[in-house]
Amino acid sequence: MNSKEMIARRIAQELRPGMLANLGIGIPTLVSEFVPENHGVFFQSENGVVGLGHRPPEGMEDFDLTDAGGTFVMAVPGAAAIDSALSFGLIRGGHLDVTVLGGMQVDERGYLANWMIPGKRVAGMGGAMDLVQGAKKVIVAMEHTAKGQPKIVRECDLPVTGVRRVSLVVTELAVIEPTDDGLLLRERGPGVSVSAILEATAARLIVPEMVPEMRF
Amino acid sequence: MNSKEMIARRIAQELRPGMLANLGIGIPTLVSEFVPENHGVFFQSENGVVGLGHRPPEGMEDFDLTDAGGTFVMAVPGAAAIDSALSFGLIRGGHLDVTVLGGMQVDERGYLANWMIPGKRVAGMGGAMDLVQGAKKVIVAMEHTAKGQPKIVRECDLPVTGVRRVSLVVTELAVIEPTDDGLLLRERGPGVSVSAILEATAARLIVPEMVPEMRF
Amino acid sequence: MKTAITVDEAAALIPDGASIMLGGFMGIGAPDRLIRKLAEIGRKNLTVISNDTAKPGYGPNPLLDVHAAKKLIASHIGKSPEAQRQMLAGEIEVELVPQGTLVERIRAGGVGLGGVLTPTGVGTEAQNGKQVVEIDGRPFLVEKPIRADFALISCWRCDYAGNLAYTMSAQNFNPVMALAADVVIVEPHEFVPIGVIPPDDVRTPGAIVDYIVGRAH
Amino acid sequence: MKTAITVDEAAALIPDGASIMLGGFMGIGAPDRLIRKLAEIGRKNLTVISNDTAKPGYGPNPLLDVHAAKKLIASHIGKSPEAQRQMLAGEIEVELVPQGTLVERIRAGGVGLGGVLTPTGVGTEAQNGKQVVEIDGRPFLVEKPIRADFALISCWRCDYAGNLAYTMSAQNFNPVMALAADVVIVEPHEFVPIGVIPPDDVRTPGAIVDYIVGRAH
């Protein structure tokens, strides 16, 4: 199991039947692969589908049906197709139970930065600012470090995506919950020591007596 | 031909094929009776129908299809059913070519009052304020006087429906166009003299050399 | 898959003093069974949000007839003598809102906006108490969102996933109200298998519907 | 009844310097024939409003490739290296707008609102230059309407009255943009007789469609 799969599998455990969930591009998209088709969670995508399914059989793609990343998908029975105004109405209006977003940085305030690197990569925020603002629960799915540099930092030096505290951060090393008091270390990766997590993290972490291992 | 029919017939002449038109409750509703079904104008109603038709054959009413007054109607071929948000989006967004509204008073500024008599009749403005604000052209359909009292006045003493100048006022006595300079008398009713119009009007009228009779 | 509750169970969810949105336009597309049941069990002090009060016997009138509402937010009460009488007698608080403003305020409440800026009502009594802002030299009223504890709506078809389709002028405020309440209760005319309503024709996704009232037996 | 024009005739309606809205999301549901034709005939100084720039070859990219746009308003340009390169090189002015804000601004332009108040982007770079208002103690950004000279949209089905239906994720910005431009030009995938799209399934009424691009022969 590689890092990305581990992160996706752990986040899949957070999804419950009947939930309306949005998965961002990248690792978040992987999450759906670890949720059975008959699970009962409804995946929503920014481009206006409620009830996104897995990839269609080769040759049976509907050219008018993709996920928000542009990858061909199926729709599950009971799916709905809506326009962008209603799609973001669901997101900003608090109808979305959970969103899973990729991240460049998360800081001690629980703020997420994931939309631009000034002077370099300018992707645009897409739907990320609405999702961070509007979803009932925001889960960040990202690798713990990038090129050896910690992505969990004291304060984001990249432009933030929102000034709302995210709900949970899941990396291959740790599950971290931003709280009133700071970043709480909830779980460690399989076989990962607390000191290894602290070493890979630039932010201060609140470390409880017991930090259980992630279970899959 | 009674007063109301005369007003409705005259206003029907203002409708062109391809126009999107809204008819208010009362005399305005009558207008559609003088427009052939195959005329090409599309009647929109606040309750979300684009392409309202005449009354259905007795016994063939669709209980889910009425005009804005609650009267059963048919839909024409090519009709569309939309929600109230889009219905008023069309109205306020400038997509409506013309609205025909009933009136209690019109004044020299061209302002219309048609939604309440303080302390007495409190109907509520319904869609009237949006229609007055948003339609490209606002035509007022009303009898020239009420219980002998002029309804075209120097300044409305009833609460106005909007502070936008309406486009045209059609009564059984006259067709009047509010302009920058005041109320311009455009046409007189069949056999009606200019002095009879002036006598039934509390507002100042601009009277050109020639005031042709309405033609039907 | 969703399950249905009875109209009695649905009405029991709604306490005295609740704010309720009622779909419908002149009674067309109104959740009639829920309205009559709430009147029958004697709910009090409700805040009712409805486009209009329809004519006697229709729309919200059964609730007005038994004085179940302490406040009414609507655009038009002209066809209901009882609503007009209660308003003039001071028995009910009535907030009259231009219809296009009413639907946008409910939509704003449903889609997470802090409000909208509308030109409708500028310079009229509808401006009273409202903040006015200039945008590019034109005045607009700041209209705040409206939400309710419950949205009681009706629809034409409902599938087992709770997806809703509406028909003709019975659509009106129903899909917008379905977005703007903490609890959404729908009273469908018909139930159909999943797939009968194609994804493109769903106007209210089942994911935002909380309770479905089953057929009368 | 409406008639169709050719893609050449449609492109000829659009002058240099025009502002154009383009439907589509990652190229899905984009008016591809119109976009390619505008690029081919060498239009210049366009202001392009589009949710995103899609990947090379898709969505607005054919226009970007020939430097037809002087300004771009979009929520995401991450899949188009050419859009990113032109932005960083200062060859094109780019206004990045959060996606939900972009669609509400276009909708506001289309439905006659002076703007909307959104919580999205408060405290971020998206707040720069925006007015902030407090509503009931919470901060919101005042977001102004966006309109364009032309909306170029695509749809699934179009009937002879110009009524449009969309399918699956190809709907996206198309119906909203159809409201927000002086001239609406649609590029349908299919033509069907009146009645094939039931009134309840029409998402864009024909009354607001100005030009229909006929099939390629």
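Going by the order they are written in, the chains are A, B, C and D; count residues from 1 in each one.
By our rule, a residue touches a chain if its C-beta (ideal position, glycine included) is under 8 Å from a C-beta of that chain, and two chains touch if they have at least 3 such contacts.
Since we're looking at a predicted model, the values are computed, not measured.
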Relative to subunit C, chain with the most remote C-alpha centre: A
A-D compared against B-D, more contacting pairs: A-D
Separation of mean Cα positions, subunit B and subunit A [Å, integer]: 55
Chain centre separation in whole Å, for subunit D relative to subunit A (CA means): 28
Between subunit D and subunit C, distance of the C-alpha-averaged centres to the nearest whole Å: 32
Distance between chain centroids, defined by C-alpha means - subunit B, subunit D (Å): 35
Shared interface positions of subunit D, touching two or more other chains: 104, 107, 111-113, 118-119, 156, 166-168, 171, 199-200
For subunit B, residues contacting two or more additional chains: 49, 75, 81-82, 85, 88, 91-92, 133-134
Touch-based graph of the chains, sorted into line, ring, star, complete or other: other
Chain pairs in mutual contact under the definition given at the outset: A-C, A-D, B-C, B-D, C-D
Partner subunit D, residues of subunit B touching it in the complex: 18, 20, 42, 44, 49-51, 75, 77-82, 85-86, 88-95, 133-134
Complex interface listing, subunit C residues touching subunit B: 25-29, 51-52, 54-55, 74-79, 84, 87-88, 94, 96, 98-101, 103-104, 107, 118-126, 156, 166-176, 203
Subunit D partner contacts - residues on subunit C that touch it in the complex: 104, 108, 111-119, 133, 135-136, 138, 140, 142, 144, 156, 165-168, 171, 199-201
Of subunit A, residues touching subunit D in the complex: 45-49, 62-70, 75, 81-85, 87-88, 91-92, 119, 121-130, 133-134, 159-163
Subunit D residues touching subunit B - in the complex, by the definition given at the top: 107, 110-113, 159-161, 163, 179, 194-195, 199-200, 202, 205-208
